[in-house]
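Chain lettering (A, B and C) follows the sequence in which the chains are written, and residue indices restart at 1 in each chain.
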Amino acid sequence: MDARSLSGILTDVRAKRPLVHHITNYVTVNDCANVTLCIGAAPVMAHAHDEVAEMVAMAGALVLNIGTLDHKQVDSMMAAGHRANDLDVPIILDPVGAGATRLRTETAKLLLHKLHISVLKGNAGEIATLAGAEGKVRGVDSAGVSGDPAEIARGLAEKLGIVVAVSGATDIVTDGKRVIFVDNGHEMMGKLSGTGCMASSISGAFAAASKDHVASTAAALAAFGVAGEKAAKRCEGPASFKIALLDETYRLTADEVSRGIKVRFA
Amino acid sequence: MDARSLSGILTDVRAKRPLVHHITNYVTVNDCANVTLCIGAAPVMAHAHDEVAEMVAMAGALVLNIGTLDHKQVDSMMAAGHRANDLDVPIILDPVGAGATRLRTETAKLLLHKLHISVLKGNAGEIATLAGAEGKVRGVDSAGVSGDPAEIARGLAEKLGIVVAVSGATDIVTDGKRVIFVDNGHEMMGKLSGTGCMASSISGAFAAASKDHVASTAAALAAFGVAGEKAAKRCEGPASFKIALLDETYRLTADEVSRGIKVRFA
Amino acid sequence: MDARSLSGILTDVRAKRPLVHHITNYVTVNDCANVTLCIGAAPVMAHAHDEVAEMVAMAGALVLNIGTLDHKQVDSMMAAGHRANDLDVPIILDPVGAGATRLRTETAKLLLHKLHISVLKGNAGEIATLAGAEGKVRGVDSAGVSGDPAEIARGLAEKLGIVVAVSGATDIVTDGKRVIFVDNGHEMMGKLSGTGCMASSISGAFAAASKDHVASTAAALAAFGVAGEKAAKRCEGPASFKIALLDETYRLTADEVSRGIKVRFA
């Protein structure tokens, strides 16, 4: 795995145009749909218990995001997740707000326990909470971790046998053995709602295009980060940044990712 | 009916400012609200079983969109729809994803069977599915139809005694006798989430302003298409296109529609 | 209280960065999240009955918005509201559509009766309805009031012992004794969906930063209005206006508010 092979995954996403089934929150759902289209995949949002198993069977990836969770949604996530596991459709779990409330923490743990999750992607506080380390989450924001996030993530990935990604100024992606640091992105991405959720959607699209989910997740976060860097050059605040971010995601080429990617292999 | 009479309906929408009651999906609901305002009507979104009959009684049109369906929502759609029928409020049905899952296909059929729908507006795969023809739908996208979409739509419209519209590069509107082809629009409209839903909202606003629903639907799609053509001239990707599309919908004049409209009567 | 002290509250919001817990509608929820971030606070949206009491305990304010109401949501609003009252977390109630349907009117009254609401903020029709005066609401828009909105609001505030705010070309804020008129804002703010909801979110952020809720609400509406005036100078329609409005909210300084604020004390 090197930077060039990572940037090639974008080309595969666009060639394959995978369907990415989301069961997600109603706050950022429109951004998730649009970023999925912009990166070159096809989004579908469906949450009814009756249809999720059928919908996920068409999909290249399933994105579970607990940002506005309730019990009914958990049931649907379980139904979709079991079917996804049966069909080897990779699942991305974004444990939004795990650590802030018991419902979120326990739901994230339940999903991790009952389903085979391919990629768990959260902020440092969420990941630390799920690793049993000391992590604080206020609302949906990380509010501090004691310990090294990379080591916490690596340990959790090793224990669960999955890929764990930690979003932040430097993103961390690890399968318990390999650890990749992604330095792409821009601080503007933290000034608006939804960039974390969008990164999970893109990680879903990339997971549908490459079976190496350390590579696919690192590539997804790097690609989105490169788009963010370009967008930051022509915005006047968080809202115009979001517009530019989506546009740049759409315009992004594998060549630009290849030139702009900043990854370090630990 | 000619191009000039079609473009006059926009003037009527703005004079009447009809309330358009939506029971719709949570992915594109904000776009639907804003495009309804931009075209000159007033949106309201209300889904509680307890209030939909009361709300629709104030409305000039009811838009039912099954993009993020569940059983509870179907009950509310039925309640609102029955009241709409009693009061002669036209109903627009957007059968998002019919053909992709049984729940969506059967719900769309149920609504078509139990309610008097004025306008059924979907993509080629959805309409073919509901016509009993061979149509494929992947997620919420048409994935191919065998047969001529115009003939499939015409047959379905004739059978059900309603207006059927098929969205696509060329939109088709038919009541089973008349068939109108609308060549307005721009390929950018397919690059973002929500343009189909927005077209249904506008079709609702136009249906509230004109009782000839072949004319009102063709006029709605043409007007939105003209706005799309204007928007495409000043965008840098799908997100800036959406902003421009809403702005151009707001700025659109009947005169511009009259000059820009491209309809063919078959 | 004077204009300078009002504009200082923005500085306090940014220093404190309060968490603003929303139980709100799915139409404008993304705008609410983003405007909360732009003004310098932190949004969280959580509606599950199981977690709202826990979430609101972290919050500086609770915003209840009934724009897409159902019974389950009312239960969650009650649970969150009781906990907020126990912990002295101020509650902002936006009674969207009260007067349009019985469910909305009765829910707004229930929340006002069972909870201690700090700030009730609605349009003239909604406030008149809740005051028992003659107010008409069509969908979610005020459709006329007989009587003086300021006097109606003042009487309601006095009777309930709360702060009442009426949005409009001139906003009115009163605690039953003091009445403040806020002349900031721009007519473009009425051309798009969500500005009323966003104003409630900002009022929540300001209520978390100042215990004088007449002052905090007037300051919130004035600050958002100043941002709106700036945004109107560089937009081409409602959608580009919304982008500019969010950007200008983010860029807004206490000094700009101090220079631009237009309040009259009655």
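Here, a residue touches a chain if its C-beta (ideal position, glycine included) is under 8 Å from a C-beta of that chain, and two chains touch if they have at least 3 such contacts.
From a predicted model like this one, the values you see are computed outputs, not experimental measurements.
Enquirer: If you take the chains that touch chain A and keep only those that also touch chain B, what is left?
Expert: Chains in contact with chain A as well as chain B: C.
Enquirer: Nearest 5 degrees is plenty: how much rotation brings the CA atoms of chain A onto those of chain C?
Expert: 120
Enquirer: For the copies chain B and chain C, give the interface type as same if over half of its residue numbers appear on both sides, and as different if under half do.
Expert: Interface between chain B and chain C is built from largely different residues.
Enquirer: Centroid of chain B to centroid of chain C, CA atoms only: how many Å?
Expert: 33
Enquirer: By residue number and range, which residues of chain A touch two or more other chains?
Expert: 26, 30, 242-243
Enquirer: Considering the complex alone, what residue numbers of chain B touch chain A?
Expert: So the residues of chain B in touch with chain A come to 25-28, 30-31, 67-71, 97, 100-104, 138-141, 191-194, 235-240, 243.
Enquirer: Would you pull the chain A residues touching chain B in the complex into a rising list?
Expert: Touching chain B from chain A are residues 19, 21, 26, 29-30, 33-34, 37-38, 42-51, 54-55, 58-59, 242-251.
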